[in-house]
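Shared between the two complexes below is chain A, which has chain B as its partner in the first and chain C in the second.
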Partner chain A sequence: MTTLTLENLNLRYNGGADHAVREFSLHVNSSEFITLLGPSGCGKTSTLKMIAGLIAPDNGDILFDDRSITHLPPEKRRAAMVFQNHLLFPYLTVRQNVAFGLKMKRVAAAEIQRRVNNMLDDVQISDLADSKPHQISGGQRQRAALARALVTEPQLLLLDEPLSSLDAHLRDEMRNLIINLQRQSGTTTVMVTHDQHEALHISDRIALMFDGRLGQFDRPTALFERPSDIATAKFFGCQNFLECRISGQRMLCQFGELHLSANSTAGIGAASEYKGTATFRAESLIVNPSQTSVNLCKAELLNVEVAGSYRKCQVKITRCNDNPVSAGEQEPTDDNSIIYLHCHARDINAYAVGDQIDLCIPPESIWIIPG
Partner chain B sequence: MPRLGRLRARKIRFQRLTPWLLLLPALIVIVPLFAGGLAAGLLRSFNYMPVIGLDSPNLAAYSALLRDDEFLPSLLLTTYIALTSTVIASLLALGAVLMIRRLNAGRSLINFLLQLNLTIPHLVGAVGIVYLFSQSGSFARLALHAGFINEPQQFPALIYDPAAIGIILVYVWKELPFIALILLASLQQGGEEFEAVARTLGASRWQVLRFVTLPNLLPALLASSMIVLAFTFGAYEIPALLGAYYPAPLPVLAYRKFTDVDLASRPEAIAISMIIAVLSLIFVLLYAHITRRQIEN
Partner chain C sequence: MHTLREGRLKTDMTTSVHRTQSSRQTPAPVLLAFALMIIWLVLPLVPIVVWSFAKRWFFPDLVPGEWSLQAWQYLFSPVSGLGKAISASLAIAIPVTLLSCCIGIPAGRALACYNFRGKRAVQLLVLAPVLVPGIAVITGLHGIMLNLELNNQLAGVIVAHLIPALPYMILVMASTFARFDTEFEAQARTLGANTFQVFTRVTLPAILPGIVIGALFTFLVSWSQYILTLIVGGGRVVTLPLLLFNFVSAGRNDVAGALGVIFILPGLIILIAVARFISGRSGIAELPSRL
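This part shows the complex of A and B:
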């Protein structure tokens, strides 16, 4: 099994004027499944192509098992890639497509047959082996493309948005297949996607990219629950941000003083008092909490949007922990008093726009981003 | 209900007719001019012209052609010109495309030049070939000035020659960009991505060319070659301008027989045209077959 190390990769385009990737460094452990996640144009596919050898970096180094392979051509890297569009060769059958890499490596015919048959079984398309790509469905094509890559027993499996061309049902099936095959083969895998749910579901770790740079690189739960910066928090759907001053396990913001949990400040140093940004997810708020809860707030319901059995609401905080919102160090305005609340329909159905509601911001849901 | 059913059936009939009605203006022009002309020609080649008393069709014109000393060499020469120019243009176009795609700069300029070439008439190319390659042309003069030859007649006869080099040169010059543009368009439809996949699967550059690029290009190459083959087989003006008198390519022979003072030669002229038409039709059908398979894939 192979480790992958990227050291200070840089890639420029438009004659060097713009950076596609800048100072990108990363270490992937053996047999690990990592995802390069980020918005369109952030440089994730360029990074994947540099790993595959399809694009040469302007500078920096790529190492497999601590051995530099930056100057090796793609065919010498043993990094098989599956593209967004399956890219099965249209003039070959499924079996011939899967056998392609082995044939290029001049593996003996009997061995090719054995390995291809096993792989077709693994991806459950043995009965389609003699079909041409245009005769099978999108999901089956993507299975064949995955089989074609895995049958070569690559050091590294590179997946470029392999699920994005599939519909929701097929995507789930294919995602589980990828997870199973990756676990079974232990192949170190790098996937590119812009779909955070896909990344959260499939990855051991996620490397979040913005504007060609590496943002947070951590386990999925860490990115989701403990973002290192506001951009990461926003990318994972956080909508509520409060500038605050933290002192011990309390924070002072425009809503007055709010209680924090011990974990809320785990992302910052040991200073006794500092400034930061508090964030909490819209779905973590509790409507009609018990009166013994802490961080109890009164809010005016401003807007309700139906999202299936859930409701997406905007509320304006008017009192918090029995303090009027003017008790905080910031002057409350129409903008910074409004927060987002996602809750089950049954919790909010009794209220109309303009009504006052009781809310709780649970201390354990608050995460402090330093700076 | 029965009335509704009738209305529905009438609507369906009208919907089926609609494409034909829309095609009607084009059909009115094409059928009399093309199919009508072809049918009239076919009847004439069978010596069937009731207006002048020839009312018993026969194969006399075709059997006369088989006995004609000029026909077979002419057919062979035409086939040779068409095949040679098509094969050379195809191979050069393939090579050019493989080189062009490796260029980073200047790719769009070359694309423009290829497209520009399509707009220049064959006739202009023929004049250019005469100026450049004839024994009184620029290259002969250069060779004379350089001392390679002592008199212009020593320059190899590339025009009006039995090997039809001048004709082939014009066709290669003119058809190469046409084939290259079709190949470039075909490559742009995912060709480079297929090659990238192949390389990550362990294929060397040579293996990529052999197992990916060429199979990917083959349908477009065959289809464009068939069009060129059909055109060069039936084209008249270049062989007429640059060809030797004997043997003459089939279209030139047909024209000569058609304009012969002996009116009895006319059925033979039309029979030659029919042979050209049938062979061209075979090329077009092959083209259609290849294209259909390409679309299916």
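This part shows the complex of A and C:
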């Protein structure tokens, strides 16, 4: 199928004063499903519209299969887009809507009939083919919109928040349908979303965008477990950050010395000693660890928040690896000796606010972000 | 054909249900106001019709003393000039309507969908012909028409009629486009439709109800124009209102009455058509598929 390459795309607005997208470069492999993920206003929809040809970039190049298509109008790009709001034509039936693209390309009527019928089967709305869009449900509309895009056999499928207008239970169903159809057709797909769970579930790779720039572009697990910068880590919900100096398999921070695993420092070079930021997820901490573990800490429970069967807690580290925390050379302020801890209710139910608890920061859960 | 008829039947059914419900709920004062309005609008039309069948009708009599078809016979005889007047009126109103569409559709879109420098000024200018009396405009316009040698002929009258007619078209189209999501056009293009196909397959069906209503009103504005036709046409272009005025000033109330009936016919037909579209809520939405 088709590969997509974006080279140094720039998009300005307000007469060139502000950047919506800056120096954006990306390569998407054939048949790959990638997601542009970022907070609202980060330029992800603008990027998608540039790929579709609905907005012209100020400079930069867009290539399908290494062939520049930046100068082509949208109808010649074969990049079908599904918008957030299904945008089914209200005066056409579902069948006529799905047939729209083929009709525009003057495909023979018998061929249109065959392909539309197959497509309607694939998205499981054959029985609604002769309904008008206002007569069917939101989920069915989004299925029809997806069918309308896929039936044209586009080189590229562009999805602009296709699930955000749906109820939660429909969203899972639709997400699986999108994954199946994408695998089945092998269409290279770019989706835009602000929902990290959606992105983590659905994508082969995720391109994180902040303020018009490309952040980390990697597989979902890598973004989640091995963020390349603090912004990425924060976006995926990391709350614990410790400035530290690393030397070999150990790091020195305000809690004293902590043990690292071999994987912890995979994100940085081979230098023997350097500064960095250590991060570990609130849910990776272990309450009441066995006393043989490393990175054992004592902490005071400050706050417990109920989140279903989980508890979101804040704790203040008082001793770490048998060193009193305040005794180090650094002066820990109240703020940065407090860390976040998410654990199952049964682990923490025995304690009340103000109690002392035992914790372990597992070395393999620590990830070092350079700088 | 079968499905079309079914569709219409359904529309009529929903409309009548809607009507009975609303009349059951309408409070008495509203009904009274409505009745007064009907009387106010319809009552003045009654004498016109009566006059057209009257031979003699003097003041204290409630109905004419003598009835006749004389006025109608005269109107349909070749000497009355009715045929020429109707064709002159149509030869002006139809081009005015078409030109209004050509200008009003893009102008309405610009006002509704785009932001540009001086947009407020343009909005005000569009409204100006509705607010400024025609007689004030025409004095200045007549000079320009003379210079362009457009006076005393159809072309000049058409240009003059555009002044009061265009605002209606532009305003109707602006409100139509305000309710149109231009993302539909973007969607169609990513599905492979070129700009022409986008207009004919996506935009036009969506704005057609607006165009129809705008065109009907534009036609009526031109159809009932008197003063602009008289001055720019210099008396050479005799439309229906001018002919009517001749008979009124000549005191031929019977012929004027008959002519008046013919004159208000298109307006009446258009009014009923528009009212049907507006009262049947699905009417407007389903207009494209009906046409």
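As a working rule, the second predicted complex is superposed on the first by the 368 of 371 C-alpha atoms of A that agree within 3 Å, B and C clash if a C-alpha of one lies under 4 Å from a C-alpha of the other, contacts with A are read in each partner's own complex, and residues count from 1 in each chain.
Simple rule for what comes next: a contact is a pair of C-beta atoms (placed from the backbone, for glycine too) under 8 Å apart; a residue touches a chain by one contact, two chains touch by 3 or more.
This is a predicted model, so every value here is computed, not measured.
Enquirer: Should chain B and chain C be called a clash or a fit once both complexes are overlaid on chain A?
Expert: By the criteria stated at the top, chain C and chain B clash after superposition.
Enquirer: Just to be sure I read the superposition right, which of the two partners does A:Ala149 touch: chain B = first, chain C = second, or both, or neither?
Expert: After superposition on chain A, A:Ala149 lies in contact with both partners, chain B and chain C.
Enquirer: Is A:Pro73 in contact with chain B, with chain C, with both, or with neither (first, second, both, neither)?
Expert: Touch status of A:Pro73: both partners.
Enquirer: Using the superposition on chain A described above, determine whether A:Pro57 touches chain B (first), chain C (second), both, or neither.
Expert: neither
Enquirer: Hey, what residues of chain A end up touching chain B and chain C alike?
Expert: Residues common to the chain A contacts of chain C and of chain B are 49, 52-54, 73-75, 77-81, 83, 85, 87, 89-91, 100-101, 104-105, 148-149, 152, 158, listed in rising order.
Enquirer: Using the touch definition up top, name the residues of chain C that touch chain A in the complex.
Expert: Checking each residue of chain C against chain A gives 181, 183-184, 186-195, 197, 201-202, 205-206, 285-286, 288-289.
Enquirer: Would you tell me which residues of chain A are touching chain C in their complex?
Expert: 49, 52-54, 73-75, 77-81, 83, 85, 87, 89-91, 100-101, 104-105, 148-149, 152, 158
Enquirer: Going by the contact rule set out above, which residues of chain A touch chain B in the complex?
Expert: Residues 49, 52-54, 73-75, 77-81, 83, 85, 87, 89-91, 100-101, 103-105, 132, 134, 148-149, 152, 158.
Enquirer: So in the complex, which bits of chain B are touching chain A?
Expert: 190, 193-194, 196-205, 207, 211-212, 215-216, 218, 296-297
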